[in-house]
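You will see two complexes here that share chain A, one where it goes with chain B and one where it goes with chain C.
On to the complex of A and B.
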């Protein structure tokens, strides 16, 4: 069942002088089992939208249907925990949510809250560690003696351990070196491919969006301005420039080649294909 | 958590907001002394008049200044209850079995409420009309004379301004961590006592860690730019008092004088 968002409006600090309308009627259907990117400028409402998905914010107007739950202004979430177990939310810089003495306890914190038995916690923890590229030698160490990248892995393990159906990631690779960022993204992609998890990725990194995502949702000024399959979306670099985001390198290269008079097939995004096309056309010209 | 009125600067241009922060702080101190002088209820008339004038000149709404009183409501109710139970002097007003209300309880509570209200309104006027940085600059200048006896005026002012600067940042950080832990199944409202302790820990520990991180980064950034609190400094902004400041201070001293006279005559 896809995630359905209907006419979602959210107003911060309603009824005060600091009132601020962050979402102005969002309509969105997010397919299950796919990787959907949510992009947009700072302040376009991405984070506010994302916080509705596990009931952290209650809609001011409109509704959200997710994982068998219907959330609208009148919903009083009694079993918010059950929803939050199904929809895992990884916030920006999740390493700042670590607090336990040992990594084992920190990863087990979520499951404990969701009522797992100690055996289940141990089993789930042992299963999740290799996924984030850590081993059991870490379990008894303090999370605060790790490097930044390792802390982030532990924090993400703390969400993955809940085995959520839907995984919402807010800039999971921000601030990581390119190698770790790639590993991190590959981890999420394998979760999507092997276990069929629905993934929502909030990102500013268009290279990642092009490489890993199936769908793109563009947020602009509290509304969805565009929703398209990724390969369709990057045929229109002007959509990106509209929201002041630079297109990925491949798209820029294609643009330049086209300006030089080359005929590049619109839906090829691999350097090899583009090189082949250029080569063929140079040859034909000679 | 974004609705805290107390201590928030409002960018409204007015006679009061253009005044020198030093004179505003001095006036606040003088009037605070006046508020605590036991001159009876009539003694508050000059202070109230002064406050009304200040509110008018600062273009602030009374409702705004009163809003910061809201969090105090319960404290005042609590105080009233305690006073009724403890103070058994003056005339008996209500007698309900063992439950008795004496006039002194009401009078004492009224005094405390009036004093608190006046002080909060005064402080709100000060913080609403003065930018935090100007305020700390004013404090620094006023503490300057005490440097001779070893008081680090500049360091104190710098600490205050850094603390003020980080209040919104820490509020934002708190919200973020609360959301993150809520997503991990923490329930701040329900649950047993033990669960609540763990909920609070899951908020406090990360908050401290990130606050110390920020402190570290800020300290490095300041040192990288050659900051040394013991060296003489010049200011981009030079404070200057003009006639409005002198008149306002003179009036506040007058209010204090009237209250002292009333107290002495009355007793």
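On to the complex of A and C.
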């Protein structure tokens, strides 16, 4: 069952002088089992949208259907916990949310609240550690001794340990060095490919969107302005410029070469293939 | 005279695990130097040593010709500003104007002289219209530019940017990077930028590569990034234009390695 969002409106501080309409009628179908990127400028409503997916925010109008739940303005979530177990939400800079004395306790915090027994918690924790590239020697250490990238893995492990069907990630690679960012993205890709998790990724990094995602949803001024398969989307750099985001390097290169009269394969984003195509169009030099 | 001169610098947080293992480095006045390397390579530690927030285990640091010691650290810090990574951790004032005034107040600048300084420096970073704005209403990029304005108000000779754009969205990143280049070109301020963004590093005059507490390479960006084997061994990214020019070279075209997309397109068109 795909995630269905219908006519979703959300107003912050309704009825006060600070009233702010963040979502102005969002309609969206997000396929399960895929990696979908949600992009858009700061303030376009991306974070407000994703906070509806696990019931953190209740729609002002409209509805969200996700993981067997129907959420609308009249929904009183009796079992919000069960929904949050199915839809894991990782906020930006989740490492700032670590608080327990040991990594084992931090990862086990969610399962404990879901009523797992200590044995179940331990089993789930040990299963999840290798997924995020940590081993059991970390369990008794304080999360505050770790590097930024490691802390973030612990925070993500704390969500994965609940074995969610849908994983919503708000800028999971921001602030990491390129190597750690790649490792982080590869982790999510393997969760998608091997465990079939549906992944929603809020990102500003167009290189990541191009390399890792299947679908793109563009948010603009509280609405969805575009939804497309990734490879189709990057054929239209003007769609990115509309929201003031710089296209990835390879898209800029293709665009400039086209302007210079080269015939560039539209479907390719590989530098080697582009180079081969260009080579066939230049004079042979001795 | 060098802006920063570092000789055989060593440092350890716990007295056992060395973090910096004999760094020797010269940063010329008025230059724009980028320091790149993985997390844990010692980049931020180096920055903190240069402004005297940490004390070396061995070796020496000279800033603007003065040896950095406990006695001179405070005076040296009047000439060196630093912008950290997280915009929320360094916004102290309740408004933009207050935040810019913070350093001035600490330096006992008379109130009547403060206002023009606040306005002048807010204008330099494009934040003059936001003087009364509160931090919750500012984007990350705007907060970082306010931090820069606060430093500029102190008329520094050197500004260190410690991954100052890594938490920003693309617009924020672009606005802060443009600001950095402008300060270097127009005000002749020495810039030391610690960054993971290789496309930004490619814009610098000088690149230093740190790995496990040592300087493993330094020079002009084209020289450093040209060392393909080293960059690969260190698992560091190449600037995009260079990566692309290598692809054209590999395809058998006589394309020179270049650091900007415009140059690359020019190179390719030359063969048309």
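Here is the rule we go by: the second predicted complex is superposed on the first by the 282 of 286 C-alpha atoms of A that agree within 3 Å, B and C clash if a C-alpha of one lies under 4 Å from a C-alpha of the other, contacts with A are read in each partner's own complex, and residues count from 1 in each chain.
Basically, contacts are C-beta pairs under 8 Å (C-beta built on N, C-alpha and C of every residue); 3 or more make two chains touch, one makes a residue touch a chain.
Treat the numbers as computed from the prediction; the structure is a model and nothing was measured.
J.: Following the overlay on chain A, give me a clash-or-fit verdict for chain B and chain C.
T.: Partners clash after overlay.
J.: After lining up the shared chain so the two structures overlap, which partner does A:186 touch, if you call chain B first and chain C second: first, second, both or neither?
T.: So A:186 meets neither chain B nor chain C here.
J.: After superposition on the shared chain, which partner residues are touched by A:147: those of chain B (first), chain C (second), both, or neither?
T.: In the superposition, A:147 contacts chain C only.
J.: By the touch definition at the top of the document, which applies to A:274: first (chain B), second (chain C), both, or neither?
T.: second
J.: Comparing chain C with chain B, which touches more residues belonging to chain A?
T.: C
J.: Per the contact definition in the header, classify A:80: touching chain B only (first), chain C only (second), both, or neither.
T.: First partner only.
J.: Which partner does A:283 contact after superposing on A: first (chain B), second (chain C), both, neither?
T.: second
J.: By the touch definition at the top of the document, which applies to A:14: first (chain B), second (chain C), both, or neither?
T.: It touches nothing on chain B or chain C.
J.: After superposing on chain A, which stretch of chain C overlaps chain B: 1-9, 55-63 or 109-117?
T.: Answer for the clashing stretch of chain C: 109-117.
J.: Could you pull out which residues of chain A sit against chain B in one structure and against chain C in the other?
T.: none
J.: Taking the touch rule as given, give the residues of chain A at its contact with chain C in the complex, in rising order.
T.: 41-43, 93, 147-149, 174-180, 204, 206, 244-246, 249-250, 252-253, 256-257, 260-262, 271-272, 274-276, 278-279, 281-283, 285
J.: Would you pull the chain B residues touching chain A in the complex into a rising list?
T.: Interface residues on the chain B side: 2-3, 173, 176-177, 179-187, 201-202, 205-206, 209-210.
J.: Could you please specify the touching residues of chain C with respect to chain A in the complex?
T.: Checking each residue of chain C against chain A gives 38-40, 85, 139-140, 163, 166-167, 169-172, 174, 196, 198-199, 235-237, 240-241, 243-244, 247-248, 250-254, 261-262, 264-265, 268-269, 271-272.
J.: Which residues of chain A touch chain B in their complex?
T.: Against chain B, the touching part of chain A is residues 12-13, 16, 18, 51, 54, 56, 80-81, 84-85, 88-89, 91-92, 94, 96-99, 109-110, 112-114, 144, 158-159, 162.
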